[in-house]
Each structure stands twice: as C-alpha cells, then as structure tokens.
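Order as written gives the chain letters A, B, C and D; numbering starts at 1 within each chain.
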Amino acid sequence: MHWRNVPPTLFITLQLTLVHWCISMFFASDNWAGAHSKIAERLLAESGGFATAYGLSDLDQKVEAKFSEIFEREVAVFFVATGSAANSLSLASVQKPGGITFCHSEAHVAEDECGSPDFFSSARLATVKGAAGKIDPQALAAKIARFPQDAVHHGRAAAVTITQATEIGTVYSLDEIDAVASVAKANGLPLHMDGARFANALVALAASPAEMTWKRGVDILSFGGTKNGCWCAEAIVFFDPEKAKEMHFIRKRAAQLFSKSRFIAAQFDGYFQDGLWLDLARHSNGMADRLRAGIEKTRGARLAWPTISNEVFAIIPKSASKAAEDKGAKFYEWPIPESQPDLVGDDETLIRLVTSFATTEADVANFLACLG
Amino acid sequence: MHWRNVPPTLFITLQLTLVHWCISMFFASDNWAGAHSKIAERLLAESGGFATAYGLSDLDQKVEAKFSEIFEREVAVFFVATGSAANSLSLASVQKPGGITFCHSEAHVAEDECGSPDFFSSARLATVKGAAGKIDPQALAAKIARFPQDAVHHGRAAAVTITQATEIGTVYSLDEIDAVASVAKANGLPLHMDGARFANALVALAASPAEMTWKRGVDILSFGGTKNGCWCAEAIVFFDPEKAKEMHFIRKRAAQLFSKSRFIAAQFDGYFQDGLWLDLARHSNGMADRLRAGIEKTRGARLAWPTISNEVFAIIPKSASKAAEDKGAKFYEWPIPESQPDLVGDDETLIRLVTSFATTEADVANFLACLG
Amino acid sequence: MHWRNVPPTLFITLQLTLVHWCISMFFASDNWAGAHSKIAERLLAESGGFATAYGLSDLDQKVEAKFSEIFEREVAVFFVATGSAANSLSLASVQKPGGITFCHSEAHVAEDECGSPDFFSSARLATVKGAAGKIDPQALAAKIARFPQDAVHHGRAAAVTITQATEIGTVYSLDEIDAVASVAKANGLPLHMDGARFANALVALAASPAEMTWKRGVDILSFGGTKNGCWCAEAIVFFDPEKAKEMHFIRKRAAQLFSKSRFIAAQFDGYFQDGLWLDLARHSNGMADRLRAGIEKTRGARLAWPTISNEVFAIIPKSASKAAEDKGAKFYEWPIPESQPDLVGDDETLIRLVTSFATTEADVANFLACLG
Amino acid sequence: MHWRNVPPTLFITLQLTLVHWCISMFFASDNWAGAHSKIAERLLAESGGFATAYGLSDLDQKVEAKFSEIFEREVAVFFVATGSAANSLSLASVQKPGGITFCHSEAHVAEDECGSPDFFSSARLATVKGAAGKIDPQALAAKIARFPQDAVHHGRAAAVTITQATEIGTVYSLDEIDAVASVAKANGLPLHMDGARFANALVALAASPAEMTWKRGVDILSFGGTKNGCWCAEAIVFFDPEKAKEMHFIRKRAAQLFSKSRFIAAQFDGYFQDGLWLDLARHSNGMADRLRAGIEKTRGARLAWPTISNEVFAIIPKSASKAAEDKGAKFYEWPIPESQPDLVGDDETLIRLVTSFATTEADVANFLACLG
C-alpha cells in the first residue's frame, strides 16, 4: 500500500499491532523517531523561569545569532511549526500575482504538502524534469522561458525551489546547485532550498552550510531539525535580512508564530551544541549506507536510485515486501514516478527505507534478515 | 507603551536588561512562563522509541480518547501549533463564500491574530458590543439580522465565536453562554469557543468541561494548554465528529499537521494527569485574586473590570506604572477600548497583569510593593 | 423590506408585476436604468471591424489618453467589469500581509460587496465613524493609531478609502478630502476613492476631475460610468502609472480582463464626448433636488440626510411607503445605520430614492403625488 | 513571436501600423472581431426603460428560460464577465481543501488564465496527457488514482475539466466525452466543460446542446458567446440547479455580478434568436475549413493538428510567416507543446489561425495568397 493513501483507520490498526513486536525495524520515516536525548534534556532544562514571548527572548536571540555563525553571515531566522510551513511561507514571501514557482516534478512541495505552497502564495507550481530527483538546469531554463515577465495570460516566473536532500534521497552536488542557481539568477528569480533533510545532505557533501547555500546562490532556506532528532524545530532562514521584513506578518497571519517560541530555540540550542546535528546526520546516513550495502547483496533486490543521504529506495519482490511486513518491519511502498513508468517489474514493488538518528546496526541487520 | 506596538528592537533591549533583576515580577503574559515540570518531564519521557507520525501514534490516540472522556462524549481532536491556528481553522471549517463570523469587538480573533481568521476563511469578522468583554445576546441578534442568508450583496451570517475566558479576564457564566448559543442556534449558526484560557474559565465557574461547552451549544472549541503550563499544546475539538472530516485537509493545507505529533500528545497527557491542568488554573486564578485584592487596597489604583480568571486589569497613576517598570516589573499597558473612551483619567494608565502557573505569592507581594 | 435581503424569488415576483404599471416611478437605483442612447449608439457603431483584443486596440488607447486629458496628467487606466471589482482590485494592489484598509462604517466596500475587498486582498477593513456618511479625519487618525506598522499581532494600517459621492448621497467637499488625505499621508498610507458616482459628486462640487482627486491626494480611483448612463463601464485609474504595474496581473488573475475590451472603451468614448457624462450627472442631481424639494414640502415626510448628489433619503410614514409601493413606485427601504439607532420613529420608515439620467420630471411628480 | 509573451508596448506598435493595411487578414483570434450586427442591434434596442438590477429583470429571466429550453432541462444560469471567470468560478464551486482539478496539459485553464482557477478555488490543477489536445481517459484514471480521497498529504481528486472545442481546435466526439465522464463519475468527481467555443464544437459534431453536455455527464458548463459574435456574453450553466446555490455568493464575492445584467441578457437574446449562434459558428468553422484546404495545398506548409472547429494550426516556413506578416496578416505563432518537442523543423514555425463570424472568403484567399 502506498503510504500516501493509507486511510487513517488502517493506520490505527497498524499501530495497535505494532506493540506486539519486540524487534525494532522502523524504516517508515525519520519522523517516526522521537527526540534525541540531548535535545529533549535541553528542552527540559529550559522549562523554568520567565522569558519574553513571541520569539523575543534571550534564548531566541542567542539561537538566531548561532544561525548567523553557522552560516557565516548575518541571517534572519523565523521559527515555524512544520517543514510545510517553512516551504510555503518562504515561497509566499517571494511570490507575486500570476507568479509561478518552479520545482522538480517529484518535489515535496508538489507532492506532499496538500497544496499548502499554492494556498499561502495564491500561486502555482510548475514542475521541471530531471534525473535522480534533481532539477535539470536545461529543462528549467526551457520551462522558465515559457513564462516571461510580460506574460499576463500565461503567468510569469517568480521563484525556483530545490530540495536538498531530494525526495528520493539523492543530493545536489555543489556544482549542481550552482547550475540551477545560474538559471534562476539569469532569469532574475530567487532560489529557495527545502532543507527538511539539510544536515543529511550537508554531511553527504562534506560541505559547510555556507558553501551549500548562499555561496551557491540560495536566497531562502527551509532549515529542518525535526527529522534529524528534534521534536519540532523548523526555521526559515533569509540570507539577506532586508528581504525578511514582510515575513513577520506573513508568519503571524499564517498562525505560525509560537508564543513560547523558546521551546523551539531550546531544541536548536541543543541541536547545534558541539556539532550534535552533524553527528546525528552522519549516523543516519551511515545506517542508510549499511542498508544499501545489504540490499545490493540480496538476491532479487536492487536499488532504484543511488543512496546518498538517509533514504534507501529498493526494488524488491512483492513476496519479500510482504514477508518483511509480516515480521514487523515498518516501511512504505512508494509510488512509481510518472517519469519512470517501467521502473518496477510486475512481481516487484518499490519501497522506501528511511534511517534516523535512532536507527541501530541491529535494526538494519534485522531488516536485511527479513529480506534474505 | 501598548504591548501591541512594541517594536522588536525595543523588546530586545528590554529583554537584555531583564537579566539584571533578581526579583521576579513577570505579569506580562501567562505565555512568558515556561512549561510546568510535570509536563516537561512527561515530554522528556516520551522522547525515545518510534511511533507513527502525523497524529496516528498510540499516544495520540490515547490522548484523543482522554479528550472524549473529559468532555463526556466522543469528540474529534486536532492538534495545531498556536491558538490563532485553532481559532482560524475552526472558523474556516464553518465558513462559506460571503460569510460573516460574529465576535466581540475586543475579541482576540479580531484584535490580536493579524487577520489570520479572515485569511484562512476568506471571510470577514463582524464585531458585536457587550459589557465586560462579553457578547451581548441582543446586540448579537440585531447584528445577525443585518446579514440574512439571502443577502448576496451584504454577506450572510456564518458563525459566532466567543472567548472564554475573555480578553479582559472575565468569564461568561453558563447562562450567558446559553443566551449567546440561543441566538446562534435560532439563526442556524455554529458556535465556536476560543478557549485559549479554557481551564482558567472552567475553574472560575466550577463547571465541568461538558457543561461549559456542548451542553451549552458550543460546536467547536479551541482548547488551549500553552498558556496554562504546556510548551505548545493547542487543540481543535469538534463535538460532532461528523463535522470534522474536512479539518484533516484544512489543517494539512494550513501547514499545521505536526509530523512528530506525539510531542503535543505527551504534553496533553501530562497536562491531564491527575487533574494537573485544573490545579494549575486554580493556582493562577488564585494569584490573580490576590493581586486584585492588593490593588483594591492600593490608594490611587482601581480595577477596570472584575477579576474572574487569571488577568487583572488595573487603572493606576502613570507615575506608579513607571515606578513599577523601573523596579523591574514586567507588564503591558493596554489599549483603551473604543467603547469606553473615558475609562482612564489623564494621569492614569490601564495596565494588564496576567498570572500563570509559575506566579508565586512573593511575585504578587513584590509587585504590590512597587505600586504602594 | 430592506433591499439587501430581498430574496431572489421575491424579486422575480416583483418584477413580473412591474409590467402592469403604466406610470414610470423607478427610484430603486440608478442601475435600473439602461444605457443612454448616445452611448448605446456609440457601442453599435463600434461593432464592425477587427481590433486587437485584451485592451490593446486603437480605441482602448484613445480612451486611455482621454482619461489622461480629463485628469490633466498621465494616468494608467484598467477597465473592469463592476464597481466592486474596481474597488477590490484597487485595494488589493496596495495591501500587504496583515494590512488594514480604513473605510467609513457605512461604505459600499464594507456593506455591499459581499466581502470582495477582503477576498481579493486577503486583508481586513476597519470602519471609521463620521457624520453624513463621511469619514471623520480625527476618528480616522485615532483608528490608524491603533494599527502601527510594527504591530505584528494587531495588524498594520495599509490604505484608506473614501466614497465620493457617499453611500447616502452626500459629497466630501474639497477641503474634507484634503483633511482625510492629510491623515492618510501623515501615516504613509495610499488613498483610494470609490467613485461609483464620481460624476454626480463632481458636478455637485463644480470641481474639475483633477481637483477632486490627485490634487487632493487621491492615489487610486474607481471611476464608474455604469450608474451614470453606460451599460458596463468601470475603470481603475492610477494617478502614478509607476504604481500600476502589478495591476496587469492582479486584474487578469481576477478574471477581469475583457477580451473585446473595446466594448468598454466605446462606451467611455461616448460617455466623454462633448461632456455628456457631466450633463447626465447634472440631470440626475437636478431630479434628486426636485424630489428633495417635494419631500420637504410633504407633511409627515422629512429628509434623513442632505441631498447633495442623486440620492434622496427620506423618512416617511410606513403607510405612505406602502401607498407608494401599491401605486407602483419602485424604491428600497434602507437599513437604519447602527450609528443612528433613533433616526426613525416607530411608524416611520427610511427610504432611498435614486435618480438617474433617465429620470424625468414626470417621474418625480408622479412619485410625490403618491406620497402626498 | 509567441502571442503569450508579446509585451504590451509592442502590441501598441503593431496596432498603430495596422490601420495602414487595406486588406483584412485578421486571424489572430476570434475575439479580435467586434459584435455581430444583430446582437449589437439587440443591445441597442434594450437600452431604454428601467429594469431590476443584478440579474433579476424580465429579460434576464427570459434568457435563463431560453437556456433551459436549449438544454432541454431546467438549468441555473449565471452571467459573468469573462471566460476565465466562468471557468474559475465553476471550478471554485466544486473545490474543497487540498483538492485537485484535472485538466489537459494544454488546457486554457492551465495555460492562459494567469492562475485564476487556482486563485479562486485555493486549489491546484493537475495536468493529464492526451493526443490532439484531448484528455486521454486512461491517463486520467491513472492520474486520479494518485490522489485518493484519504490522501491528506498528497491532496485529493476534486474535479475534472475538459475544453470543448479544445485549445488546438479539435473537438471531443460524444463518445470521447462519455469516456472522460465515465472516469470522472467512477471517481465521484464532477465534470466541468470549458465551452468558450461551445457553438463551434456543437456544429462540428452536429449534436444538440443536451447531447454534448449533461447527457454525456457534464455537470457544469462555461458557455461562451463572446468569441462567436457577442461583445461580452459568458455564462455558467449548472445542469443541477440544486448545486448552484453557493454560486450566488461566489460570483458576487468575485466581483462578477453585473448591475445592469440585462446588457448580457440582451446579447444572448439576440444570439439565440432564430439560431443565429449556430449560423455564426457554422460560418467560422466553414472559413477555417477553407483555410485548411488551402494550406494543405500549399507547398512547404502542413497542418499540425486536424481542423475541426474554427482554428487552424499550420506549420509553415519561417520565411512564409514573415512574408505574411509583412503583408499585414495578423496571427500568432504558437508555443510548441512540451509533449511534442519535435513538431516543428528548424526553419519552420507553428502558427495559429482563428476564424470568426466576421471572416470572409476574401480574407481567407488573401491570406493563402500571402503564403503561396
């Protein structure tokens, strides 16, 4: 069953049966994990005392300064509740009437946010093709050319967004980001990066945050902490604070301004402490790599796309998928991309396996044992 | 300075100076407090393990069941990020093209949510007068009569919302809720209750949750936990689950569906445990009552409105306000309601003092000492 | 029955009975008249040949140039379908997230456009008091002061709109426009004028179009021709063409860009020819003045507000209203403004009588005879 | 130059040069024609007298009844200003939060309405492939299957819209409409038809209006008169009047309710009189067929798609295109569909030629002479 159409009632049934399994094999998503102990404890430690509400506390300021330090320039930071909020409000801030945002045809903003980016910006997404989940720069240029700035009827190009890491776990190289950014800049368009799995991409590239963003031409970043060990820690980062002024109102009007904003700040404070965030990402990427290696050795199984960050997409026999589910493994079947209709054979299925900071070597071994 | 127009930069300055004060006198808002230790610890305890994301975990289910138990009927529950989200999405779910939501002229939805309810429902608010921050039922009936269901030009009545406790800390009696509900029902309109300070109102009335809501005709409730000791715990409660079906999509499209939803569930779990929520509300109401009593005894000071829950609105000499600020007290001047232009004398100011679960008797005494 | 809540089915019945009356007494609205013969003939004359669509024909350009000539400066002109569209899109073009538009409490934008201005601008209206249907400048200043530019929670002032002539037929003097404009400018807000009855106001003041608009500080004008003898001719006029650039997209996205735009242009061409528009307005104002004089002489009848343009608001006995209706007079009862609850006695009713280019002296005499 | 990106200033220049050409060769669009004399005269004849405003006049009622007669069942009819409005409001009336409207990848709603359908319904379009500008039913079924009703993240299927005649001048056969409708119905989705060129399709099929719409499963129709000889006459037709109730408010809020609505009614009255509308469509289709025949005989020219209604898409040498332009022919180059990247050779261009009620045999002959 594809995860996107699992009816809530079925989910409940699944859930109720879960508790009977003693062997942990949770690969459904990195957001099935809880919070890393250091982050949870940092939050606990913050719970006393009083502080200014609505993002203006000492701790909020400290964490914003930490963002500037991490990105090696002064940035404007806005905490929001979800990755969808970060993406949608980022894109809303650069939209205009009749404007179009360009994204990959399998991007999260297009596939998994229930139209939130369109809703908040009263605008449309136009999808662009590209191998391995990444926008092809030439296809982007051709697509943008269909929406010139004078095109009252057709609509006009307004923004470009990329996902790093991508929806299928691949990662744009620095050169690939440059190539997309060049097309965006040549057309006068701002470039947004959906970094729900920012840390996973970062450690995969062994790049610095600055190198992977504004040094490549990224203007606005959705910086996600939730999938990498926080409870709920998402931020919009503007690399040019001058362009961030409207966001105060956009966020409040979107009902995304937390009163006790320091509960987000505290999580980020723990997240950044001693490079914890990078350690956690390295761990989950490593677990994914271990899974990848095991699958490549499994007869009848193969990878759909390269494993670069913390997601493994495998094509396995339907029988193997059922067997693994029967043994308690949690994962989702994944929809076949429209661009690759022949990806999977009749007796096969495409599955997504996501590792997280909480995945253990035993989890991986147990899962591979199910398949074998 | 009115709190609504404090510029961010000033806030920061204020904040930086705060740390020098050793005496805690934080009455700016109940959302300046952190999280109660039992709630924070409950959250910490939940951080391990894996669970289904997006509101479908065991714990989410358990807490939803707990809501049904508390309200003595099956309810549908939706966690969201903020009180504004709870209000705006609740109202969006019952809006219609050209529809009008009726609220008190000083309601939070009208005054303090940056247009969020209008934005999410593409609809308008119409304000209704009433003493002590409460909608006058006759004024409501008269106002609704101006927006009949056939009125294509003028717009049509669509919903009524009340705030319990109100923005000025008063509380609708059960009979008063009945009276508003009668008008709503007579006009076929759903009734929403903004319960950002639900617990404070509840213990003030010594009523049960059911008695204060659906037994009075309330259809949808914004149930707030944040102001009463949680970090971030807001829920939309539908008393008729049949009417909640669209909310799944409304919430997701609004970017308000948490992936690790159990971090909200865990807070509510702690909040409800052994009646903690009611104890906390009783405490803050008690502290407010103590403040009230002190102010009534203070020469030159008087109450603007009765103190019923955890907010005290006092009219004091400007000199006293300045003196208290100089001594480190944190509170906001409050805008004079348009309906009471002569409330405050030339040398006076209207201040709001909010108590919370974390307010101590010493805080109150210290503050009163500043005034005296 | 108030016109705003006449159900469609009743309207039909009313309409079917109309045809039996031989004496024309149509005072329901100036938009019950058809089109003036010169305008209708100008449209007929244009019907042949081919021309560029979407507002780019020779005739469109000619008429735009005519607007510039009439207003004594270069203006940008956008034809739209309705007065509501002109108002809503004008206001949308100057709105911002969390922004507020200030209007009179009985303004057409607030009372009679089904929320269209709010819908198109995702923003709110805040109403301001003032005698005789006109914004009181001091009340405006006080209201704006409640919405400072930093007020993230409360929302921020974004625009001011006035109606000229007003909803109750009065007219801002040039000084009165100046006074409102001063407040707007002092707060950095653009000023919009809803000129659905622009010509009626203009001839009442014996002012030039420039004197009544940009020379007073008006930035954007809804210029109406429909109520004064056109079929359908409404235009948005920007006095600073630089600020009009987004309107091309705002209008198209609002589905208000006519393909055969020259059918609007042709009407305006006839409308402006030899000052026809001013003659028509003078005629309807004159008919209103004649009605006014008759009512002042009628026992038991009196004026609710001064008659300045082409609308007469009279307070008459309910019996007289019924008698007039029985004799076939068409007019609407008008809702009692909330600000004047005691305007009308128990046995009385407030009626609105609107004259148009097509109203004759005989119509007026016939109507007065009904009352007498 | 593609017509979609013609900058306004260039248009003006084009236009100014037009007047020097004595030979009429206007094939840019059917909306470059004016109004047919019988329709223009009918409008003139209606200009006198008074009538109820806002769509409730005798004539409005009569024309609505005429629609019911033409469609052989009781229908609800709503006049609006533009074809974009008809489409956008129709689709808005059946949308829901997170909903998706399915359309052909080259549909007018997707390509030429500046995002208006998305804007009014706060929803998204998903495009479906299909040869000859027509939705492929199997591709539709596969696409819909990606958006199940439980899919909170992905969005859910909400409506299907087809264009008849299509954007490339082809026409769905009755069986083809059946096939699309079957897929829509099997998924519980309403079916909308964009009939901007309804009459042209109708006469091409020699079908009755009922046969081409509700008898095939069409629920809502955008019925266009503007392109076929009216000035401005567009209507939304609901085949189930029960489902039309919200449209009164949707239309008014969209600022699309005409006050002097009978100016639309009068045009439709003339349009329908003695089958004029069908005669006009037959004429323009006939002229297109004559063009087609000529092009097929022209060396170096060929058709891109079959000519079924009043649009001819021809692939001609760039040199021929330039020659025709130099001789004063007005037409647009057309963008190469993304699905047919190899449609046109390097030295060729794709042009669109649209005929109208006003096209003459001489126009066609003159144009063909330019090419030859």
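In this section, contacts are C-beta pairs under 8 Å (C-beta built on N, C-alpha and C of every residue); 3 or more make two chains touch, one makes a residue touch a chain.
In this text, all values refer to a predicted model and were calculated from it rather than measured experimentally.
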Request  = Can you give the shortest number of steps from subunit B to subunit C, where adjacent chains in the path must touch?
outcome  = 1
Note = Top of the farthest list for subunit C, CA-centroid basis, is A
Ask   = If you average the CA atoms of subunit A and of subunit D, how far apart do the two points sit, in angstrom?
value = 41
Request  = Measure off the straight-line distance from the CA centroid of subunit C to the CA centroid of subunit D, and report it in whole Å.
outcome  = 33
Query = What whole-number Å value describes the gap between the mean CA coordinates of subunit A and subunit C?
reply = 51
Remark   = Among subunit C residues, those touching two or more other chains are 8, 54, 97-99, 113-115, 119, 122, 152-153, 248-249, 252-253, 257
Message = For the complex, give me every residue of subunit B touching subunit A.
response = 8, 11-12, 14-16, 18-19, 24, 26, 28-29, 31-37, 39-41, 43-44, 46-54, 56-58, 61, 80-85, 88-89, 113-116, 119-120, 226-227, 231-232, 248-249, 252-260, 262-263, 330, 358
Ask   = Can you list the subunit D residues touching subunit A in their complex?
value = 4-8, 97-100, 111-115, 118-119, 122-125, 146, 148, 150-155, 335
Note = Per the touch rule, the subunit D residues reaching subunit B in their complex are 54, 96-99, 122, 152-153, 156, 246, 248-250, 252-253, 257
